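Okay, structure first, notes after.
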Amino acid sequence: MKLIIAVIKPFKLEEVREALTSIGIQGLMVSEVKGYGRQAGHTEIYRGAEYVVNFVPKVKLELVVADGDVEKALETISSTAKTGKIGDGKVFVLDVEQAMRVRTGETGDEAI
Amino acid sequence: MTKLLKIAGLGGVAAMTALPAMAQDAAADPVPYIMTTLLFLVGGFLVFWMAAGFAMLEAGLVRSKNVTTQLTKNISLFSIASIMYWLVGFNLMYPGEFLISGWLGGFSWTTLEPVGLAAADASLDYASVGSDFFFQLMFCATTASIVSGTLAERIKLWPFLIFTVILTGFIYPIEASWQWGGGWLSEFGFSDFAGSTLVHAAGGAAALAGAIVLGARSGKYVDGKVVPMPGSNLALATLGTFILWLGWFGFNGGSQLAAGTVGDITDVSRIFANTNMAAASGAVAALILTQISYGKVDLTMVLNGALAGLVSITAEPLAPSLLGALITGAIGGVIVVYTVPLLDKLKIDDVVGAIPVHFFAGIWGTLAVAFYTQGWVPQIVGIVSICAFVFVVSYVVFLILNAVMGIRVSEEDEIAGLDASELGMEAYPEFIKG
Amino acid sequence: MTKLLKIAGLGGVAAMTALPAMAQDAAADPVPYIMTTLLFLVGGFLVFWMAAGFAMLEAGLVRSKNVTTQLTKNISLFSIASIMYWLVGFNLMYPGEFLISGWLGGFSWTTLEPVGLAAADASLDYASVGSDFFFQLMFCATTASIVSGTLAERIKLWPFLIFTVILTGFIYPIEASWQWGGGWLSEFGFSDFAGSTLVHAAGGAAALAGAIVLGARSGKYVDGKVVPMPGSNLALATLGTFILWLGWFGFNGGSQLAAGTVGDITDVSRIFANTNMAAASGAVAALILTQISYGKVDLTMVLNGALAGLVSITAEPLAPSLLGALITGAIGGVIVVYTVPLLDKLKIDDVVGAIPVHFFAGIWGTLAVAFYTQGWVPQIVGIVSICAFVFVVSYVVFLILNAVMGIRVSEEDEIAGLDASELGMEAYPEFIKG
Amino acid sequence: MTKLLKIAGLGGVAAMTALPAMAQDAAADPVPYIMTTLLFLVGGFLVFWMAAGFAMLEAGLVRSKNVTTQLTKNISLFSIASIMYWLVGFNLMYPGEFLISGWLGGFSWTTLEPVGLAAADASLDYASVGSDFFFQLMFCATTASIVSGTLAERIKLWPFLIFTVILTGFIYPIEASWQWGGGWLSEFGFSDFAGSTLVHAAGGAAALAGAIVLGARSGKYVDGKVVPMPGSNLALATLGTFILWLGWFGFNGGSQLAAGTVGDITDVSRIFANTNMAAASGAVAALILTQISYGKVDLTMVLNGALAGLVSITAEPLAPSLLGALITGAIGGVIVVYTVPLLDKLKIDDVVGAIPVHFFAGIWGTLAVAFYTQGWVPQIVGIVSICAFVFVVSYVVFLILNAVMGIRVSEEDEIAGLDASELGMEAYPEFIKG
Amino acid sequence: MKLIIAVIKPFKLEEVREALTSIGIQGLMVSEVKGYGRQAGHTEIYRGAEYVVNFVPKVKLELVVADGDVEKALETISSTAKTGKIGDGKVFVLDVEQAMRVRTGETGDEAI
Amino acid sequence: MKLIIAVIKPFKLEEVREALTSIGIQGLMVSEVKGYGRQAGHTEIYRGAEYVVNFVPKVKLELVVADGDVEKALETISSTAKTGKIGDGKVFVLDVEQAMRVRTGETGDEAI
């Protein structure tokens, strides 16, 4: 199993989730993050003082998938989340050694 | 008593009026003048408070990425209304003499009485010009407040403010002059005590025109389905509703335009009680109806229901019994519950439900006056002429603004939120948003 | 002057009254009538505003997963009170004739004076029925507002609203008639100027009954320890407290029931000053006491302290000097700081501290009247009889509601929050919650 | 009419006064007394409401980790002001006899008229002492509210409250007595209708002294750059501004100190209209100016602009025409937009912009009076003497407090937030903060 | 060392933390997430318009434990977080290559 | 590539981000977490009831860096985030198998 971590633009969340569902991914978690990257760095003024906004709002998806689903998931995420503009985000893949479903105690691919 | 009477006192501050004295020996007694002036001041600050109510209601019903912009629009529109109504609105609405008889007043700014006015120079059968101006100005601003909610989350700041200049300086004063300024509608027998149509349906008609020109928020109607975009803060929305409810006592009560006799102050009391009843029954109607229709109560509908009750009773808050007020208000509440989804079906995107509350319930309330006074014809003619005038002029103004400067933000800016794109300032910068 | 006097003016709108005129040649002078009516209107809208205060205070003190429900309860209970008080409450509370002498008024709905009342037909020594109804209605609604805070976060919406129907239509009007309607308590010499007991302790007694039947929130008392469940928004809670403080000027000031003479308006001034002083000293007492007891100031206690000061002075806001008001209010603040943990020890779960503020401080305030007027006996009899009546009837009503429909949400629903389970609508949908 | 006149009515409740009657046969007619008392009560509760406005404005403009503390300071300072003004302030400010003629009043607490005052014992040409005390107290509390905003996010709770005791009990009453108590400034011809300098610039001067002693928030000025620390909740900040705007009608309108004649009530109307106009033009000026200067509208500046407009018109809300009020207010708005960054350049850290709004715009408003009345000299002398007195005494008091107990939290505590370190209680415990 | 990622029902957080403490786990981090899984999918109505709520609130725990503590921790989490109803959540285990305590610079098992 | 997870004191965020930028790290994500560790455990009183505050606010940084940058990044974070007081936080390193930039489809070290 692999853990896929995807950081994408917030407004793409619903679309990506639907796309993932349609290829059979049944679970994931979403969190709000502040992203720092090439996209960052515009200047704002607050009460007359200039400052640089370094962080942009992003959404982080985490999903554990069976080894065989990784490529499919990667492709789905990247094609759906893509706008072609800077700041579209990244996808990372990490190895998962164990997985367990709390409700049933199932482990491994059964658990996800 | 309708607002029509007031023009007598406006012919000139120091002019003697031919009207019969309203109370026993009012000619010399300053008390009625003092009391009516006080009614305008207290009523006026209550209606002022409604500006805060609209601001909170709308700030609570938009998504947090648009809250700063919505707040900015609300405080700015009130400020603009204050200036425009002074610059041209008040005298356009209450012309000593009409430019085009019964249809168009004159253009001049407002001047008040001198400091330390002598009793002999006062319109003792009415109230001070200062208090009258203060009170009437608030109605003008209310009309503009109605528009901002409907058009939220996608209209650019400056085009909206320019529209506000035109609405508060010209559109509202002109249509209101037809009735309250002693124009053709008042002579036609139209009756609209505190402005279900003159203020609320008119504001709603302008909002409707704007919503059509502007189009729906992106992502609102997808594949024939309505996508809810829940308001970010229902505590603020509820606060806003309570503020509006409170302000409405001034709105309707002050529109008695007199408080210095036993009869007048008793009438004001009646108006307070009826206004409260209509709000309560509008809320309860929405409460019960959403439970029945949806299986769950919808707080935003209950809030809208209370407001619809208030709008409904505004055309005639004096004549009905408390039972009558209850019925009028409850029908207002029912109207809201049915017309909110109706607008969605028509893909008219009204962010806060201002069209159901102010336009539909306003029309209902104005029609219902026919049960108490004159016939249906003047009511229908009044509603149609005012709504048509405001709608058409607003529509044209929005079209022109759109052609000249574009009234809508780009889709990208809309997605980022107007606070980021238009103002670069978040309302809740520390709360991570979902 | 106690509210007792007012029943004279209520025998019939147009009836001549046998009471001696209250001010110099009041018989013909409409000014006192106008001023007292105005007092009721202004006082009434201030007390109306308290409904918003309760809504904000409670919305701020519950956890965010229950905010929508708490807001819904607050606007609905006010609306229901408005309808029930008209339908039966007002005439039950101020009966022309008692059904059971001194104990139970009659059943009929409220009708107001005709439009344009002639001075000759008015109760010139009092005020318009419309204004009186409007003002008294707000007290009825206040009683219900008190209950909603205590029972928050676990009572189902509809059983709560049904209880509100009974409380505002019957329980409150009946007990209040004993004193303000000229019933047996007023003849017994009980004194409760603006309702420390009739409104506040009564509301508190109903809340107490509900809290006992309902039980504590799940997870509140674990292994003999109290688990704090901090309010989600102290800014709202503070706003609510300021709103209530403002409204209280109307609550106590309006209860003078007259404003048309030098003596009366001067008394109203005294009441305003004393009311403010008691709130301030209640807040300061809690400020100092929490610093001393806990080593840190507890804002929620300071808010409760201000409110307890207000409740304490409500039974006699006129007679005390400013120093007396300071002492009365400060003791109210002290009571709150000690009785909040006391209730927790008894495992009575009062979400917002309404029982300490309204019940305990209400009893204290009513007892303290004995320092100024009659003896202790009428005060004790009044407190005991009213609290016992309200508590027992409320207890029985809650038991019946529980048997019939269940008044409490399931544990699962409580954990998910009432907003999700009861209404399917979050108050702050965009803010991730911890 | 300036507040100076009022001292006549304060010499003694029952004393006959030598002043000429203000209205036609006022000697016997109780109506002017009743109306003026009512003006003070209504004006007073409106100004009370400003305390809530400051609380919301400040709670919205601080970061969420300091919100509970800011709320605690606001409700506590108002409560303390209420007690101190009774204990010593009122009689120090309006001395029957000066201890040091024209410079220092006497020390005694306030007592009100007896209950049920007879008309013969009343100051029929003025108003009840109770209403006057209630109204004046609110001005004292306002002065303290101004200070809390500037010093937010770093001053400890108790030193701040101790300073409040001194400010509301002594500093404000003494300087205000110089003018409104009939002291040396009033004889010098200084004119400050409702307190642009006596209240607002004075509060601003105390805030400035505190800001200098206290120093800037850590991290505010880094390497010569200003680091913005955005307010946590602009909806609350906007609500606070609307509340202040509403309250200001009472602040300025009530300062007419009379409402019982045609001339007076008409003047009050004029004041209401001018006050509203100045707020509106202050807001619009900031709206346009931030758009031009920064390319984007800054809502916090618009809010400050409205308040600056209000402060500016406070020194003379009666004499100007509506156009005059517009100009006065707009200049106030401009001042704010330029002095907010100016203070930052001087590394004076004013969290909410209270010094630009109250100090700079207050001075402007007081100077502008010279266009309407006496010459420039009394205005300049008044401004300089009051600001210097308040600044120096406040500075010394802050220095002493700092030496004795330390007025500033540790850097670690400041970083954690005062809510965690000072109170152990978060305002929004459930919302994760960024 | 292993990183244990557990996604559980929010109201179980306190209980799970206590259970972990009692078996000697001394540190962890908690974040709010929105979970998508089998539990999701109920319908709500907002102002007359139906919509499907896809995400349910969950809490994510992340804790790095020594290799020998993994099984114990897994078992503690799953037994404590279990209600037996759908949506109880998952536990995942990933390998951690390095760990460091910022305060002291300690690394490896010492750091956690 | 490695995923560095750092949990630090919130007020250190800006400083750490700047330090990372200055050593050439170009991207990261930040989330708010509640931390439990040795630092936790002070007692508060709310309305007269004592309770223990177990969680302290922390900030979590996640950044994927090329293998060669790990040590540099670790050191930068730990030296910048350090105050020497308890609760300074931890840094963990995990292996990343794949990385992809959504906008361009680049993978591996190119993607980060």
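Letters A, B, C, D, E and F name the chains as they come in the text, with residue numbers starting at 1 for each one.
Quick note on the criterion: a residue touches a chain if its C-beta (ideal position, glycine included) is under 8 Å from a C-beta of that chain, and two chains touch if they have at least 3 such contacts.
From a predicted model like this one, the values you see are computed outputs, not experimental measurements.
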item	value
Which listed pair, A-D, A-B or C-F, duplicates the contacts of C-E in over half of its pairs	A-B
CA centroid of chain D to CA centroid of chain E, Å	52
Centre distance in Å when chain B and chain C are each reduced to the mean of their C-alpha atoms	32
Chain centre separation (chain D, chain F; CA means) in Å	46
Numbers and ranges of chain D residues touching at least 2 other chains	31, 38, 42, 230, 233, 239, 296, 298, 300, 424-425, 428, 431-434
Two or more partner chains touched - positions in chain E	31-32, 34, 45-46, 94-95
Full enumeration of touching chain pairs	A-B, A-D, A-E, A-F, B-C, B-D, B-E, C-D, C-E, C-F, D-F, E-F
For the chain C and chain B complex, residues of the former touching the latter	30-31, 33-34, 37-38, 40-42, 44-45, 48-49, 51-52, 55-56, 59-60, 67-68, 71-72, 74-76, 78-83, 86, 109-113, 115-119, 122, 124, 127-131, 133-134, 137, 157-158, 233, 236, 239, 422-432
Of all residues in chain C, those that touch chain F in their complex	225-228, 230, 293-296, 298, 300-301, 337, 340-341, 344, 353, 434
Chain D partner contacts - residues on chain F that touch it in the complex	11, 32, 34, 44-46, 57
Partner chain F, residues of chain E touching it in the complex	1, 3, 14, 17, 26-31, 62, 64, 94-103, 105, 111-112
Touching residues (chain side chain F, partner chain C) in the complex	34, 45-49, 51
